[in-house]
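Structure below; questions to follow.
Chain IDs A, B, C and D follow the sequence of writing; residue 1 opens each chain.
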Amino acid sequence: MTRKSDSSLTDDLLRPVFETSTKFYVTAAVLAVIVAAGFGTWFYQIYWGMGVTGDNWPVFWGLHETNFVFWIGISHAGTLISAILRIVNATWRRPVTRCAEVITAFALMIGAMFPLVHLGRPWLAWWLIPYPSERLLWPNYRSPLVWDFFAINTYLLSSLLFLALPAIPDFALIRDRTTGWRNWLYGKLSLGWQGTPRQWHRLESAMHMMALAIIPIAISVHTIVSFDFSMAVVPMWHSTIFGPYFVVGAIFSGIAALNIVMAIVRRMLHLEKYLQPIHFRNLGKLMLAMSLLWGYFVFNERLVTWYGNTPHEMAALWSTQLGRYSPMFWTMIFCNFILPFPLLTIRKLRSITATVIASCGVVIGMWLERFLIIVPSLSYKGTSYSWGTYLPRWPEIVIFGASFAAMALLYLLFSKFIPIISIWEMKVGEHSNIKVAAQVQESEAAGELV
Amino acid sequence: MPHKWGMAVDLDRCTGCEACVVACHSENNIPTVGETEAARGRAMHWIRIERYWEGEFPEVQVKFRPVLCQQCDEAPCEPVCPTYASSHSEDGLNSQIYNRCIGTRYCANACGYNVRFFNFFTPSWDKPLHLQLNPDVSVREGGVMEKCTFCIQRINAGKVSAGIEQRPLLDGEIQPACVQSCTANALVFGDLADPDSTVSKLSKSPRGTKLLEELGTKPKVTYLQRGSWDDSQKR
Amino acid sequence: MTSMYGLFSTPELAQQAVDGLRAAGVPEGEITIQSSEPMEEYEFGSRDRETLMPWNAVLGGAIGMAAGYFLTSVTQKSWPMVTGGMPIVTNWTNLIIIFELTMLGAVFASVITLLYSARLPGRLPKFYDAEISNGKILVGVASPREMEKVEHALRASSGGVRKLELLS
Amino acid sequence: MDRRNFLKVGALTGASATLTSCGNPEHQMIRFIPEEEIQGGIAIWKPSVCPLCATGCGMLVRVVDGEAEVIRNGKKGLIQMGLARKLEGNPAHPISQGKLCARGQAAIQVTYHPDRIIHPLKRNGVRGSGPFQEITWDEAITILLSQIDGLAAAGSQNALAFLTKPMRGQRQTLISRFMQSYGAPPPMNFDPFGDQVLRRANAHSFGHEQLPTFDIAQSRYVISFGADFLGSWNAAVPQSAGYGEMRQGKPGHRGKFVQVEARMSQTGANADEWVPVNPGTEGVLALGMAHVIVNLKLRPGNLAALAEYTPAEVAKRTGVKTERIERLAREFAENSPAIAIIGGTPLAHTNGMFSALAVNTLNTLSGSMGKPGGISFMPQPGKDAPPGTSFNKFVTEQLASPESPVKALLLHEANPVYGSPSAWRVREALSKIPFIASFGSFIDETSILADLVLPDHSFLESWVDDVPESGAGIAVASVAPPAMRPIHQTRAMPDVLLDVSHRLAKPLQQPLPWKTYEEMLKDSFESISPGADTWNNAIANGGVWGKTGEPGVRPLVPLFPRYSEPEFDGEGVQFPFHFLPYKSQSFLDGSLAHLPWLQELPDVLSTAMWSSWVEVHTETARGLGLVQGDVVEISSTQGKIQAPVLLSPGIAPNVIAMPMGQGHETFTRFASGRGANPISILAPMAEPETGALAWAATRVRISKVDAASKLILFAGGMREHPDDHR
């Protein structure tokens, strides 16, 4: 019976890799078009100049930077969560981890695009890379943007490895079940994996080490993203809570994104059997905790500013509470706090749909939060003569939309080449559940299994 | 001894005539962005006259304040630049090296005075307006940040001519375009490293204040506040 | 040369087979085991557990840290740039770079250790059976000295052996 | 600017500056041999005179070589030539004292303006519709000759008219002599916003029909009645310099400055005390102060003559509190030397003459006339021009008779079609004239009516001279040779005029013997101050100056003018607001609206760029439900215009003000079709004695209209929330 369950599980999880529906092609095509539009718009912006955006004096940062912070935030879903879960050895994590790690990998890639997109002269972006150049000039290690460069790249590399290593046995699996080019491809990818106890053990201990390393990395990444703002003496930016504030926000939005993705994957790839309500419930609880934490930070931020009562900070603050940016602020409060709270606490309401609705709210809310951190502060900095305002223009919006399409597309393609749930980890899970039974039926199992 | 260029702005003299603004455009090849761009808040004025109302009609008064790059000793705009486009010169100026700028616009955000301006597009001059451009000042490309340089081209020219004649620079010998044009002599430029220079003396005036001093940026521009008639009567 | 292995459908049988082989005097090192999932609950699954992984990770971290320190402070000295009245070598900010490179070093070290000690990438051994990926567990000996003993051991211990094969 | 062209044009930018540009069309052009001695990259400073306003600042032009696109014998090509790069005040010049105002700095764009007329034009098509065709100078001169000779042949020399802005120096002399010797009436000076009223008043009070010179630097107390003397009025540059000195130049003595006006001007913004008064009652306040001064025996005077100006009475009329009047009077008398200045709006009421005389009285009382820290009048060397013909008279006659009395009009730097109330029907009057020739450098609302355009050199390309009317204590006569060679196919107006005068059927050789304007200037300067190298020094320094001519002012007894009530067009109920057009800090009366630097220069009080606006008191606006940027229709009895509202705390609630300068129909790419022109809706009220336009005597009503706002403010804060932006 172990074998049966094994093979059926393997079949279920490998089906998306082997069977491709027309629906897949259509979706992929549509997404690809949107992504292409995004790149087109970017080249348009490069050709004419940043002037095609809504940026102005003094609001020099707008939607692009908002999206940067947003996507880096989303990236905190996967690797960080799965690392934590691995370390505490939460058994229910098994079906979730890979879904999550994939989000990290792609969200990071997309997020890391935006600093390039926002550059006035993107063709010179490579000047951030530290190498002995003929310019004799190294990057300025005092600049938070350089910290970003290091932190994001570190996080991206380790996340990719963290995603790739446990995939090797699954590659081997596919290798054994295929012929022709697939067999060749996955043969190469599986690096000749045979599954000796030694290999298994090394793999697991490597994963353990990386899990340990990746948690501080992930935290540092979003702290450093927050430094982009808190290092500048700008009203409401120059704050010491920004580090944890951003990290919490990141995990918050990350879990939300994970919930949504899992729900979609579950539906599209018919994995109802593996991604079960319990996963959503647990992640929901985690998200609720984050929501509370986040609310706590927002309250801190606002109270301290209000109490401090310095003119520029008050101007920025009131613009978000009652002024021109207040509709966004109160929407954010609703999405991040008022909406998820009942949906995730009241047992009757708790359900996959509820969790997903709450998650959608949180993703929207967290995007607004990033916007509200960046734009109002810039609008009200400096001498009141030079205050300003900001409205995005179409190129920013198109690129913003394309970034979501890119996420979906990458995810879609990924699930086509690699089982979105780690098969061997599932098996381990299954067996540790039925081990007892197995031992009881050992003898007969020995005999008549055919 | 290295120079330390600084400026004193006498708000009691400034009449808000804005000669300095046009002089700066003329000297530094600052582009005219045009109506549409100006409406989007992209007009460039390295020096501007800020205007503040005080009181209500009929007891209403106005204060003018010329604001240009404060050339801070501890400038927030400098460390945030990833490519050292914004860094400190030996003379204590915030130099903006256009060729190094990749256009992150971070410096402009960090600047507490909003005196940095970004070339949202590559500027253009309808021919033959381009014939007026000052050959001593480079024209900036799109995607590059720019700001007041204290007319560094004039500072260097002054140093060179003094060097040729093998004499020290005289106080007031070097004048940025704004100072040169100031009709009421409200702007005074000079070497703060020289205690006897006019600007050093003025900077020590009891009327002297710094703009947004609480930011701790150590500006090299000193604002001499408006006096009131009654004080002078008492004296 | 002939090799010999058995495929077992449950870890328990595999364990018996391994014990049998040991009893038959096959040296530990010659017994090959392959499975499609870790079997750490079983004795045979937890052979050669000892590894330098953590120490290598720490070592890698140390190397990364050193690299970070030199990259920052040395380059800052190479062309001294004054910004914002900060010192030329700004240790506060450099710490961030140093931290990131330390972590990167640790991660790389663990991965390299993994690849090296798990002999990846490698080639498939003389015998390998795709049945493994259906849950079977392979226990075998490459070119045993006393074929009969091995065969006997495998057979005796494993009612569940479906296949027995000679490769040469 | 069109974004599409950014990269294209961008490639051409800074051909002389650094940005190199490959594929630059200029590289394929032929190059002519330089026509002058120039060292590459070496800057030379040449003297010149600023032509933009009546101050007459002497300036220095920074000339550096560069490559200009020019046409030589019909071929287009590049030539290396000295190009003006920057304008600065001439430190040696007594008027500018090394300074130059924003407008003067921007004057360089006149020379390099992309829409300058670069060769002679002949109208083909309906007059006023625009289409012109390029012709050669020979053709142009021939046409002009035939017209003028034609008149002479018909014996109607007096049907030739010459219309200019107010001219000074030898240009003035040349034009007058030309007209005189030809037998035509003297030239007309178009200057509706000038200071005829004040000049006439000064003639009455001090015997000088001239604008006064103020020694603000030395004075301890300055009270200004509506005069924007730091911005757009009289000799703003020297006055600002003096003001700076008055404030901080004399340690321990900080002079006080009081501004009396209904709408806070740039000058008023600098006042220690700002005193709003009811429009047209400035003179009353002045005499009220005089009353207090005489009453308190601070100065001797005839109190009877001032009987009706008791502080109480004055307070009632002006809206200034009694105590304040008394305090101001005492301060004024006790802090001599003290100056009272009047200019601008107060003179633009029907009782402007009264107000001017009243302020003159105050000055006479203060006893600082002709003293340091007081008022003086500049000697005017070589001023021999007869009074001009009245423009208003000309217009009336044109409109009166069905057959145009004037048969040929020569037009130079005057734009009456834009610059006069539509009620004057100037366009109609001019359109009747059979032949109009313009010497202008731009196609504006008036020169578009021309049949022939003979484009003048820019001031940087031609001989310039000037005899300033005010601004220095000593006599000044400025002169300067061309700072650079012409870049277009243009000719200097004086040279053309001399050329024509010699080639007429009856040549005017005898009255105008000079071949070129240069010769004429030389003669005149040598006649002013004889001497061997006068001329060479003059052209080296940018002029001659010194203590020549008669003394500044002859002492006078105060004369007390009879009060006259200001009259306004439009009765109060229907037209509740006084309408105050004022000279824009950037464009003056609108003649500078074509300079991009000035268009993008934020108005110092409103911070507005590229737009026109109407200033409404914050409370008034609240009452009318108007917010920043709302577009309103401003209607007088004479017509209506639209402009966005700008909230201002610095304006009387019953007054709305609007800057002149915008609202051009045709005036280059930078000014055409932008904003609204307040002059157009002014009522044709006049100051009786001089007949000068009383441009502040119109009343209007405003009503919100549904239109897109074109209010562009540099102060971003003000764009969105004017209230918390103070």
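One rule holds in what follows: a contact is a pair of C-beta atoms (placed from the backbone, for glycine too) under 8 Å apart; a residue touches a chain by one contact, two chains touch by 3 or more.
Just so you know, these numbers come straight off a predicted model, no measurement behind them.
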Selected interface, A-D versus A-B, where C-beta contact pairs are more numerous: A-B
Approximate Å spacing (C-alpha centroids) for the pair chain C, chain D: 90
Separation of chain A from chain B, taking each centre as the mean of its C-alpha atoms, in whole Å: 45
Averaged-CA centre spacing for the pair chain D and chain A, given as whole angstrom: 65
Whole-Å gap between the CA centroids of chain A and chain C: 29
For chain A, residues contacting two or more additional chains: 48-49, 51, 56-58, 137, 140, 142, 146, 384-386, 388-389
Where chain B touches two or more other chains at once, by residue number: 37, 41, 43, 48, 50-52, 76, 79, 81, 84, 121-122, 141-142
Per-residue multi-chain contacts in chain C, two or more chains: 81, 83-84, 86, 90, 93
Chain-level touch network, classified as line, ring, star, complete or other: other
Which pairs of chains touch, using the document's own definition: A-B, A-C, A-D, B-C, B-D
Parts of chain A lying in touch with chain B, wherever the complex brings them together: 48-51, 54-61, 115, 118-122, 124-125, 127-128, 137, 139-140, 142-146, 149, 228, 231-234, 378, 381-386, 388-389
Chain A to chain D touching residues, read off their complex: 47-49, 51, 56-58, 315, 324, 379, 384-389
Complex contacts: residues of chain C adjacent to chain B: 81-86, 90, 93
For the chain D and chain B complex, residues of the former touching the latter: 1, 3, 5-7, 9-10, 12-19, 41, 64, 66, 68-69, 83-89, 98-106, 108-109, 112-114, 230-231, 236-237, 240-241, 243-245, 247-248, 252-256, 264, 266-272, 274-276, 487, 585, 596-602, 604-605, 607, 609-610, 617-619, 649-653, 669, 674, 712, 714-716, 719, 726
Interfacial residue positions of chain B with respect to chain C in the complex: 73-79, 81, 84, 86-88, 218
